[in-house]
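Written below as structure tokens is the structure these notes are about.
Letters A, B, C and D mark the chains as written, and numbering starts fresh at 1 in each.
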């Protein structure tokens, strides 16, 4: 399941609901990216997105993960709008029969979301605002999957 | 924190409690290994352990993960005793500033727990019982960390 | 003349002075012509839209460079480099 | 003669017919002597304890092979290959 949420979500409650009822899944892996306060330098993060397009691009990344790894199910929830320090920005969770595909798929999803999910991040702090783009090592992390 | 639990635990509630209060953590990664029913072939899994020794060996694995990766905190909960299908066997969770160390440390913890945590697993089914030992690929997964 | 709907995402909205704009078009035009029309009298926006890192989507379909065409009623979005996760 | 406490973990408990056993010892002995005493009259247990995959811990400290020594009051544990996670 894929969701872009304009309001805060509870990653553990979402993960519990996702895992419930999959009795054949031996492995549940998950990652939660959280908005950091950078010891006060960040008062909020604003995520612009492109409704419709953003969801369909995340769906493409998700489909690629399902094609590459032996997964039972996947869950991606991504915030949009104004996010406060301590609030989750993204949750990627996978269910699989075995641990390696579950963990690798979460790693893959995060590398691809980081450089491919259509969001535009603006960091808002007491000293002003700045736009955030992926770092060089984010692009490198994504490239590594192409050799595999 | 490390815990060997003789009774079922709620991995999402444990993860939420673990993550609470770490406002500088931008990344939370976790893995939950669940007892599978193998479509009815398994009615329970019994985990023998060696009290005291088991905890200290898990603590060594955990210390190795903290030494290798830039982590803020770690959590390992491992069941002992009789585990029913659908119940969690193990939870490994990490908090870090960034996603790569968080995810890699969970992968590392699971590879080392699989081959190094002192538990002895007996699978109980309608057709009898059998002892479970790590598979060849579990040992290989562990070996790969030594090259890195 | 009917309008095409122009969307400026991320920092482009700041440069354009708004997230959305209506662009009157007499008929189908190349993306190059549309970019030129949007940048007329606004060199900062013209430079920003010309950057190769800025992708263009027509009706939510990413176009190769500035090769596509669009017309009245279409939605044309300008996307700077994304940053998810 | 005082007792050493012997622990058989995992499948060794099945072979030994119990998870725990008291072994009377007159004084410190080599692990080789202890393994021999435990396997006396029980060839299946003797073979299981001799397997190189079975590790021995004395007072929760893993020993190198069967090189260590233990005496009365010590806890000697036999550990077949583990399987966590």
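Heads up, the rule we're going with is that a residue touches a chain if its C-beta (ideal position, glycine included) is under 8 Å from a C-beta of that chain, and two chains touch if they have at least 3 such contacts.
Since this is a predicted model, take the numbers as computed values, not measurements.
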item	value
Set of chains adjacent to chain A and to chain B	none
Intercentroid distance (Cα basis), chain C paired with chain B, Å	50
Geometric centre distance via CA averages, chain C-chain A, whole Å	27
Chain B: positions in contact with at least two other chains	33, 99, 110, 114
Touching two or more other chains - residue numbers and ranges from chain C	85
Interchain contacts, given as pairs of chains that touch	A-B, A-C, B-D
Residues of chain B defined as touching chain A within the complex	10-13, 15-16, 19, 23-37, 39, 85-86, 97, 99-100, 102-103, 106-107, 110, 114, 141
Interfacial residue positions of chain B with respect to chain D in the complex	33, 48, 50, 52-53, 56, 58, 78, 89-90, 110, 113-122, 131-134
Of chain C, residues touching chain A in the complex	7, 9-11, 13, 57, 60, 77, 79-85
